[in-house]
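Consider the two complexes below, in which chain A is the common component and chain B and chain C are the respective partners.
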Partner chain A sequence: MLSPQLVNAIIYCSILSLLSLGLSLTYSVTKVPNFAQASFAVLGAYVTWTLVSLSRLSVVENMLSSNPQAMNAAIYSYTIPPQTYLEFLILSFLIVGATAVLQYLMVLRPLKNRGGSPTALMIATIGVDMLLFSIINIYVDSMSSHLLSEVSSLSERLGYSIPLRLDARDFTFYSYDLMSSSGLQRAIIISPLLLIVILISLEMILKKTKFGIALRAVVENPNLSGVIGVNVELANIAAWFISGGVSGMAGSLIPLKFYTNTSIGITLIVSIFASSILGGIASLYGSIAGGFIVGVSETIFLGYITQLTGLSPAYRPVIPLIIMTIMLIIFPKGLAGIDFSNLRRRLK
Partner chain B sequence: MDYKTQLVIVAVIMLLVGIAAGYAVKPSAPQSAPNTTTTAQGQQSKLPNVIVIGGLFPLSGDLQTFGQQNSLALQLAASDINSFFNSSGLPYQVKVVIEDTQTNPDVALQKLQSLYSQGVKFVAGPMASSEVKNIMGFANSNHILIFSPSSTSPALAIPNDFIFRLVVDDRLQGTALAQLAKYYGLKHVVVVWRGDDWGDNLANSTLSNLAALGIDAIRGPRYSVQVSDYTSEVNQLASTVSSLVNKYGASSVGVILVSFEEGVQFMDQASQYQTLSNVRWIGTDGIAKSGKLIGDPVASAFAVKTNFTATISGTLPNPKYDNLTKRFVAQLGTEPISYAYNTYDIAWLLTLSILTAGEYNPDKVAKILPTVASDFYGVTGWAQLNENGDRAFANYFIYGVANVQNQYQWTYVGMYDTATNAFTFK
Partner chain C sequence: MPLESFQLLLTIASMTFIYLIVVTSLNLEAGFLGLPNFGKMLAVISGALFTAWFSPRMGVLLYNLAHPGSQIYVTDYVVQSNSIVTTLNPWLAGSPFSAALLFLITISLSSLVGGLIGLISVIPSVRLREDYLGITLLAMAETARVIGYNYEPIAGGTSGVQIPDPFFGFGDSRYLYYVAILAPISAAVFLLYRRMQNSPFGRALKSIRENEDAASSLGKDIVKSRAVTIFIGSATAALAGSLYAYYTLGVIATAYDRFSWTFWPWVMMMLGGMGTNLGPLVGAFTFVTARTLIYTYKQMLSSFLPFNVVWLDYLLLSLSIIFILLIKPNGLIKERPLIFFKVIERKGDASKEKA
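Entry: the complex of A and B
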């Protein structure tokens, strides 16, 4: 049996690595750190919320002819069906990927074409972040109100209060993600598996396809790539789509483990940047390593420290800030920029 | 990435954190005072014909369920008061304006500023002590009368201010929790608490009361209210409880969880530890009768397994209380927490005090409110206030979770009488 701390670390590290991978991907092609990256994750989280809430509601609708006891049993024993996992992963990829492309096409590209500096573009991403935050809140409020009125009308129809809670904020789907056989969460399998699948896919796309080679060329030198006939715009759009899609899929796993609300992006953004900066913000594989190091520091390492010293775990948010500060001062190019052989020579 | 860009990135991250903390609606421009009534003699009364009462409730966040119940209570009270005005031929109407504080002290302040800019000077709420503390300065300096149904922090028991609370403060709940632990035969109790004003005060009060009763009171983790994952806290708690259980046995060890509804997530995570499932858990008014808890299969099952009971102050049922309960159940499908009844009485107390003062004037109303309250018998019984403007007396009800016909429900377990230190169990 895996310890709860290890389970938590695996899920958190996988999600964080995917989110920092997304950030590094867009930074590589656009040279702009995207502050809306965490909101992409929140968007993915609410795709999951929508699909799981609808799935739970459908359970009730299918039990309308049953007695209250059977209805209650069905509500409390609900687990997320396997196809729902697939649906929210795919839908998150598509919706959030499209959102990222819109951000690039409607905000960053026009600004870039007008000569906007990297700082101006970066600030524009904060604007997009705020816009996304508002849109998500509006959507969540209206969808939540619709779902609650559905439950209410079903309760009226049946003549008793159906004990189905569909909270839109401060909720977790932990209870619905458990495997009855082992008591373990499915997220412990899905999250690392998703990371591996995405890594292999990216590796194959970047190294084995013409499109991937073109994308790498754009990352290395966009001007020269354009001269030799690479469609730089298409490469940019594709990079933003993949980045958004990956972040959306990572975000869609958040409600399975964490207490989720529309502002969870604020706590995530610091860890995402810390992971990216630690790995080397322009390095895709470095960001994965960064995600794991920051994730382990915030979970397992913090657990040991609190047990050894009695320090309050409430200091957790400080860890990514410390990592980020140290890296920016000592290794501004992150792990990817360290010449380990040179460092070894110096230490000798 | 050059050094300048790195600095900007760090600055922007800090800025984002700041923006998040301060996110809220922009207060609108101040509005003119409501229309006033003209008497038969042509003299203008100082009392407006529309009495506006603001409501500051957490319709989202860690007290979401309770905020929704209190919001409904205020609306029901306004409807009843307006029926009373109509049947009495009085030319007044009560209008309520409700804002969502998101269980966030900063948002609560911004929403109060928004209400004030609309001319609202009497407010029912907010619910959390951290919210009340944050709006206290603005309310006192702008003479806005705040009447909270549930803020229980002893630190806010201050005389001669504009903050009133129709609830007893947590010094009594600390006693009730410690007495309950003693009643259950616990000898070693770990207290885990929410890191805010309310949590700190109640945890300290509980710890000192436990120690006074000769119980080994152990400080467990104090968790941040902003985290979305309690793994480290639960792990630390499991480690402490495990060593106590190994030394003294599970029956003499217990956990007191001082939380709002985020306690549900805490219990979800605690359910993964066998040690934590084998000891008794006690909760507070922040989670008692929480709809979120009985809606969560894992947390509910954990609550049943650990004989979880939670305390909340309240008064003995009476015909008015029973009648209101029926109306709540018709609309909510469940009985609300006792603080919703407090909100109902707050609306009546404010209206009667404004009518008695003859003016929509918080200075005058604040002076006569204790007198009006001392003669008022509402759905929560006698509403006498003490020198700090807080409710003078109350009992604590104890609720547990049970599985009734495949549905988890809160069930009444018993009552603790603060005056006699005696428990009455069902």
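Entry: the complex of A and C
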């Protein structure tokens, strides 16, 4: 049996690694740290919220029993059906990927073509971040009132109030994700599996396909690769689509384990940046390692600290900041930038 | 003038003056030096939190309340916040000298503390490229907010604290007098910055912004310039934070978020024109007016909008950032190139060309 802390750590590390992988991908191609990365995850999380809420509503609609006890039992014994997992993973990949491409095409590319400074590009991604934040909130408000009116009209038809709570903020789908046989969460299998599948497919794409080699050429030198006939624009668009899609899938897993809110991006972005900087901001595999180190520090290590010192776990965002600070002072290029063979020679 | 529109004017005036100070300081950092300070909020919240921590303590010290025989026996500044303020305010109204002393010392010390915190915040990334600076400053500010929100001894955490009002003696017209005090402070900051920005120091910052390598080859110390600029900028923004705390008369960490105190100042600066002297004034006035009007006519607007008015503020902010960048990247006031030598045209040459 896995300890709850370990389950927590595995799921969080997988999600964080995928998010910082996405950040590193767009950083290495477009050379701008994307401050909207955490909002991609929030968008993915609300794709899950929409699908799971609709599926919970459909359970009630299909039953329509006039017996409150039976209805109650059906609502409380609800678990997310397997096809819903597939649906929200694919849907969040497509929706968030498309959002990222739109961000690149409508905001970043025009700015870059006009010779916008790195600061201008960064503040543009912040603008996109806040635009996504407001759009997500507006969507969540309207969707949630729509769902509530559905529930109340159903309640009226049946003659008693259906105890179906469809919270849109500060909710978690933790209890709908448990496997009935072992009491373990499905997310403990899905999230590392997703990470491995994405890593293998990314490795295949980057190393084996012509397109992947072109993408790596663009990362190394956009101008030179453009000269020899690589479509630099297409490489950029593909990188943003993959980055957005991967972040969306990672985000869609957040509600399965953690409390989700439209504003979780504000602190999540600090962890994402810390993982990326720890691994070396332009290094894809470094950011995976960074995600795991920051993730473990924020879950298991924080657990030990709070037990030892009695500090409130609310200070959690301080940990990624400390990691980021130490790395920037000692190894500003991150783990990927450390010359290990040189270090070993010096230690001898 | 009807009372409501007079109060609206007062709000717009006070917030414009407070934001003018923040935007001016940001303009020195981002507009002149090119330092992407996405953690402007850090200095503002430091100033406000220090004010919340220091001013009740100093008031209690001045009025000598911290011993068992006094009017109230102060032991816990957070729990007793309300009674401290209600005891101190009438006393401050009766002794204008103590009130002025309390106000001036608090805002000066807040400014100093904010400057030092700003200096600390830039340590990890002062030698690195600008994207690292932007990332770490944003992370620092977010973490400061989390600490302010959870660490109760400073400013009461989620419940906040009240601060003694040095302008309590003015009664109902307090806000009018407060504007009259804000105006000269804000004007002094504005003029001092103008002077600084037109001096060799300001030109050195611009040269670093344009080309770091060229500037350092001419003997400009980039790390030192960044540190000095962030110290001055943070001290100024912390002054604004302290002034805002005296405006609202209470400090709660949730009132200091990255939208109000980092990104709104950014948009104001970008609209006015980065790297110009007058830009911050134009930007701050425009957006403070727009935001105050939205906030005041919330009820009226909500009947038109298909969504909650709260999100209108965020939508306006994000769309302004994107559209200013795409349509008017130089802002309303364009930065003019520095001219050191005037090209003197000889009359003879001009006539030759004509012929």
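What we mean here is this: the second predicted complex is superposed on the first by the 340 of 348 C-alpha atoms of A that agree within 3 Å, B and C clash if a C-alpha of one lies under 4 Å from a C-alpha of the other, contacts with A are read in each partner's own complex, and residues count from 1 in each chain.
The rule is simple: contacts are C-beta pairs under 8 Å (C-beta built on N, C-alpha and C of every residue); 3 or more make two chains touch, one makes a residue touch a chain.
If you're wondering where the values come from, they're calculated on a predicted model, not measured in any experiment.
Check whether A:V107 is in contact with chain B, with chain C, with both or with neither, and answer first, second, both or neither.
second
Which of the two partners, first being chain B and second being chain C, lies in contact with A:V318: first, second, both, or neither?
In the superposition, A:V318 touches chain C alone.
Contact-wise, after the overlay, does A:R165 reach chain B, chain C, both or neither (first, second, both, neither)?
Only chain B; A:R165 stays clear of chain C.
Just to be sure I read the superposition right, which of the two partners does A:Q69 touch: chain B = first, chain C = second, or both, or neither?
first
For the three-chain arrangement built by superposition, which of chain B and chain C touches the greater number of chain A residues?
More residues of chain A are touched by B.
Would you sort A:I95 into first (chain B), second (chain C), both or neither based on which partner it touches?
Once the two structures are laid over each other on A, A:I95 reaches no partner at all.
May I ask you to decide whether A:T299 touches chain B, chain C, both, or neither, giving the answer as first, second, both or neither?
The answer is first: A:T299 touches chain B but not chain C.
Using the superposition on chain A described above, determine whether A:P118 touches chain B (first), chain C (second), both, or neither.
Touch status of A:P118: both partners.
Is A:I126 touching anything from chain B or chain C once the two structures are fitted on A? First, second, both or neither.
both
Would you check which partner chain A:F35 touches, where first means chain B only, second means chain C only, and both and neither mean what they say?
Touch partners of A:F35: chain B and chain C.
Please report the chain A residues shared by its interface with chain B and its interface with chain C.
On chain A, the overlap between the chain B and chain C contacts is residues 33, 35, 118-119, 122-123, 126, 129-130, 133, 266-267, 269-270, 273, 277, 281, 312, 314, 317, 324-325, 328, 332.
Flag every residue of chain C that touches chain A in the complex, lowest number first.
Checking each residue of chain C against chain A gives 30, 34, 36, 38, 123-125, 127-132, 134-136, 138-140, 142-143, 146-147, 149-150, 258-259, 263, 266, 270, 306-308, 310-311, 314-315, 317-319, 321-322, 325-326, 329.
So in the complex, which bits of chain A are touching chain C?
Contacts found on chain A: 32-33, 35, 107, 110-111, 114, 116-120, 122-124, 126-131, 133-134, 137-138, 141-142, 266-267, 269-270, 273-274, 277, 281, 312, 314-315, 317-318, 320-321, 324-325, 328-329, 332.
Note which residues of chain B are touching chain A in the complex, please.
Contacts found on chain B: 1, 3, 5-6, 8-10, 12-13, 15-17, 19-20, 23, 60-62, 64, 195, 221-224, 226-229, 231-236, 239, 261-262, 265, 268-269, 272-273, 291-292, 294-300, 333-334, 405-408.
Tell me, which parts of chain A touch chain B in their complex?
4-5, 7-8, 12, 33, 35, 68-70, 72-73, 76-78, 118-119, 122-123, 126, 129-130, 133, 155, 161, 163-165, 167, 169-170, 172, 174-175, 178, 257-261, 263-264, 266-267, 269-270, 273, 277, 281-282, 299, 302-303, 306-307, 312-314, 316-317, 324-325, 328, 332-333
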